[in-house]
Amino acid sequence: MPIQENLTPLHGWRRKLYIIIFEADTRAGRMFDLGLIVLILLSLLTVVLESVASIRQSWGTQLKWLDWLFTIVFTAEYLLRLVCVHKPLRYARSFFGVVDLLSILPLYLGLFIPESRFLADVRVLRLLRMFRILKLTRYMGEARELKRAMLASRRKILVFLMSVIALVIILGTLMYVIEGEANGFTSIPIGIYWAIVTLTTVGFGDITPKTPLGQALASVVMITGYGIIAVPTGIVTAEIARGSSSTPADKQSATRLCPHCFTEGHDWDARFCKHCGGKLPRPANHTVS
Amino acid sequence: MPIQENLTPLHGWRRKLYIIIFEADTRAGRMFDLGLIVLILLSLLTVVLESVASIRQSWGTQLKWLDWLFTIVFTAEYLLRLVCVHKPLRYARSFFGVVDLLSILPLYLGLFIPESRFLADVRVLRLLRMFRILKLTRYMGEARELKRAMLASRRKILVFLMSVIALVIILGTLMYVIEGEANGFTSIPIGIYWAIVTLTTVGFGDITPKTPLGQALASVVMITGYGIIAVPTGIVTAEIARGSSSTPADKQSATRLCPHCFTEGHDWDARFCKHCGGKLPRPANHTVS
Amino acid sequence: MPIQENLTPLHGWRRKLYIIIFEADTRAGRMFDLGLIVLILLSLLTVVLESVASIRQSWGTQLKWLDWLFTIVFTAEYLLRLVCVHKPLRYARSFFGVVDLLSILPLYLGLFIPESRFLADVRVLRLLRMFRILKLTRYMGEARELKRAMLASRRKILVFLMSVIALVIILGTLMYVIEGEANGFTSIPIGIYWAIVTLTTVGFGDITPKTPLGQALASVVMITGYGIIAVPTGIVTAEIARGSSSTPADKQSATRLCPHCFTEGHDWDARFCKHCGGKLPRPANHTVS
Amino acid sequence: MPIQENLTPLHGWRRKLYIIIFEADTRAGRMFDLGLIVLILLSLLTVVLESVASIRQSWGTQLKWLDWLFTIVFTAEYLLRLVCVHKPLRYARSFFGVVDLLSILPLYLGLFIPESRFLADVRVLRLLRMFRILKLTRYMGEARELKRAMLASRRKILVFLMSVIALVIILGTLMYVIEGEANGFTSIPIGIYWAIVTLTTVGFGDITPKTPLGQALASVVMITGYGIIAVPTGIVTAEIARGSSSTPADKQSATRLCPHCFTEGHDWDARFCKHCGGKLPRPANHTVS
């Protein structure tokens, strides 16, 4: 156990800041997190409203100011997060570290590429933190179970998707050859786009077969799609049914976060991080609902 | 209905009225309930017909009179219900109390806001009472099982919906940035609306991607939606399968015995013995619908 | 066992005709059935081709003659069926008796109401007999299992459909009030039609919301529909999964037909019809595949 | 591949060639296969790009040359495959033999029928070989399980599809009679096409009912389709669930033991002991992707 020592959390103001910003067990930490959620929601609203032409004309300047205000606040928060963790680079490369950075970049980029500032609403991803903050352990368990079912069936779904892609390329080409450019199938990529629109039962109707042969093929495609739609459903259902019947989902703690490598999903009884070997702080309360 | 005891008045005409209006076991109670169902259906028809322009032009006045007639009858019924229950406030705040009030309000509101009178067809919700009235206990059991499965999987579905909403906001913004206002994506809310239309495989086709990049992203969205549609289905199916596995519902009746040749294993719907042709006695529990 | 005697099959030429027309075990019976299938398919083709304007213009007279030819042949066959069974009325009221009648009526009706002659392709239903004729016992077992699963879940599905209908009426009215007649929602029935188109994820796009409020409500409807689509799937899946794991599906014989009441689905070892008590003919061969 | 023994030539250069072309275990074999995948992807890209009008105008000649180059290379490869196998006819008639031939034919045919050369992208099917080449045995297992579930449920799905086809013919005719040629339902085949588009919930919207009666029937069709979509899903799900229930796939490894504190129950992805923080040895079967 030699690696353990040089990973222990810091002391002093940085440790206090760390508890406020990263943990949600103290009163100050909960306040900080709730304030952050409100700010994120407000900034999302700002970005969305700014995109509506009529609102932009009358409130454009105010919204732009607000936008900058939020970005500055989030930039400050990002810098604080970098300051108070022991290994800033590790945080910066974690999933939420990247999301935090992405949510402040667009506006700065917007100085050069105007349109890109709307991408600021990638901030919505920051709300995923909410699960942890609000101590929604029960929900976390459900989310983890869904994730497990998705992961367990990912290979079956990949095999399925690859077959669908091969099918879609052939169907798209056939429709391009049958219908021709006069009927809207102007190229093979457009044909493939149509095949995807049809096979997934979306059916926009912007491109539709006009010739009898094309309509016959389309009918076959649709009935095939009808039969095929059963496959991913069957895969995921079988997986969920299997998982829910046996595994206890509340064994892992939702709110426990490794302060060294920022991974989650540590067991209630775990004393060390299973990913980096760092010591985990004691869980606040054992109220497994 | 465990609250029933508190609602029943103990004696006198109020008790008699209560039994007629709220219960369905006596002849008078059943008559009242059946009459109410007919009135609700007629009033629904009135509202629906009134909305059709051609019918409104020729029968407008008559329909308006009918509308008022129904509203007055329902208002009287609502007041009677309030009068004959022991705790009027409790009834007024119950689900059906609110529905009863909502189904008479729109016409009175219509005196001020003309369009709102069409909302009178919230009366359709009153028909949900029908389940209880017609004593369709078997259906109630099924409804209860569906409800149980929905409730048990509500957290999984909520987690799923929140992920979908986050996804939809990001996709809508991307499409707004990629396609731009010239191609119909006039704002981020419109982009989000398009993303929902596409991801749920509804596919109206009122807004469709025009640029190659937009069509490529749309293809990814559709195939994603195809994979994602499996998730809520899997959740609910696993839940229903779990619930239904406990209740046996065999087609063959174990208790049916041919009185002529004394063989067993006759189907529920069999009227004659399949071994000797003799007439079988009616099954004991003959409420197989 | 007194009822049994007066239901015994006849002797003489009517019995021979019965075996040819209704049974499929003799060589003549198989020939008759195969010829019938070919005739049905040809007559279907005639009806379908006749509806295409360009073909009708060049071959109209010939197709009309063919149409009459098929109808006369089927009329003769229907009369022969009536003649050779012991109780003609019972046959006439059975499912296939009604289908046989319906498949010859339209052309006669067409003398008065021209359009109705296209309904002759209700003849497609006669092909359902094919299952029995071609001795596709294995398929019959599957069909029976599907039917059983559908029947077993019919109450759950009915409860579900009634909730959907109530939901659709309220949504249709809301959209009519919100969007108004200017945006294509010309009446409440049209609103209900739109709500069904949307909730079932069909999404024609002939009527779409134009106002922001309407689009927001539509988004909620679509996401709801996305969650709701899981329910019938879950019901049927749970039922099929339950059935396929336990019950042997090959116990019942597909080709056995009661000559007295024309019901199917008799067990291999049954010697008497379980519906009318009549004696069943011996099964031709016991090759349960 | 049990046929392999018959196909392998016993000695000499043909055997060496066989090992390079058909096997993927040697270095040369792997190189050959990887090169082939790259060539197939490039040739697919060529065909797809050639179909885009704007690209064809500026790069048409180059793309045509490339097209011919790929076809000549694939022709050579096909001839080599024929030469080096022991029984050329058996290879030529196998699935991949036919695909290999089909992927070179279109361009030669294109000399006579210009449009057909786009069919060259049937080459995408050659990529299915990739599964075998990359030794993705785990994926192959999943693919085999999916195939098994599909095969096991093919009869149920066929019965289901035949019922759907009968339903669709009747619905298409009804809509043709109700809506008439003025509303876009120009013939029964078009009506059937519409019924398929609607029942499968694709809903292009190129043909939509205009009359109230047509819209009412369409509503019934859509709600029916909603109920029906459950059936194939249920069939496949039940089949997959049955198959997968036998194979255990636990997340936790029973065999992992911490060499420092000798505790068990470590997750597959754990790199450090969750009890003492000591480094865990790599799991034996470390091909968890």
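Here the chain labels run A, B, C and D in written order, and each chain numbers its own residues starting at 1.
Everything that follows uses one rule, which is that a contact is a pair of C-beta atoms (placed from the backbone, for glycine too) under 8 Å apart; a residue touches a chain by one contact, two chains touch by 3 or more.
Computed from a prediction, not measured in an experiment: that's the story for all the values here.
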| item | value |
| --- | --- |
| Other chains in touch with both subunit A and subunit B | C, D |
| Comparison of A-D and B-D (more C-beta pairs in contact) | A-D |
| Shared interface numbering between subunit D and subunit C [over half = same, under half = different] | different |
| Separation of mean Cα positions, subunit C and subunit A [Å, integer] | 47 |
| Subunit C-subunit D separation of Cα centroids, rounded to whole Å | 34 |
| Length of the line joining the C-alpha centres of subunit B and subunit D, rounded to whole Å | 41 |
| Whole-Å gap between the CA centroids of subunit A and subunit D | 28 |
| Multi-chain contact residues (two or more partners), subunit C | 189, 201-205, 229, 233-235, 237-239, 241 |
| Residues of subunit B touching subunit D in the complex | 201-205, 233, 237 |
| Footprint of subunit A on subunit D - complex, ascending | 44, 47-48, 51-53, 115-116, 118-119, 121-122, 124-125, 127-128, 138-139, 142-143, 145-146, 149-150, 157, 161, 164, 189-190, 192-193, 196-197, 199-206, 229, 232-237, 239-241, 244-245, 249, 251, 260, 266-267, 269-279, 289 |
| Touch list for subunit D against partner subunit C, complex | 155-156, 158-160, 166, 169-170, 173-174, 176-177, 180-181, 186-189, 191, 198, 201-205, 208, 212, 215-216, 218-219, 222-223, 225-227, 229-231, 233-235, 237-239, 241-242 |
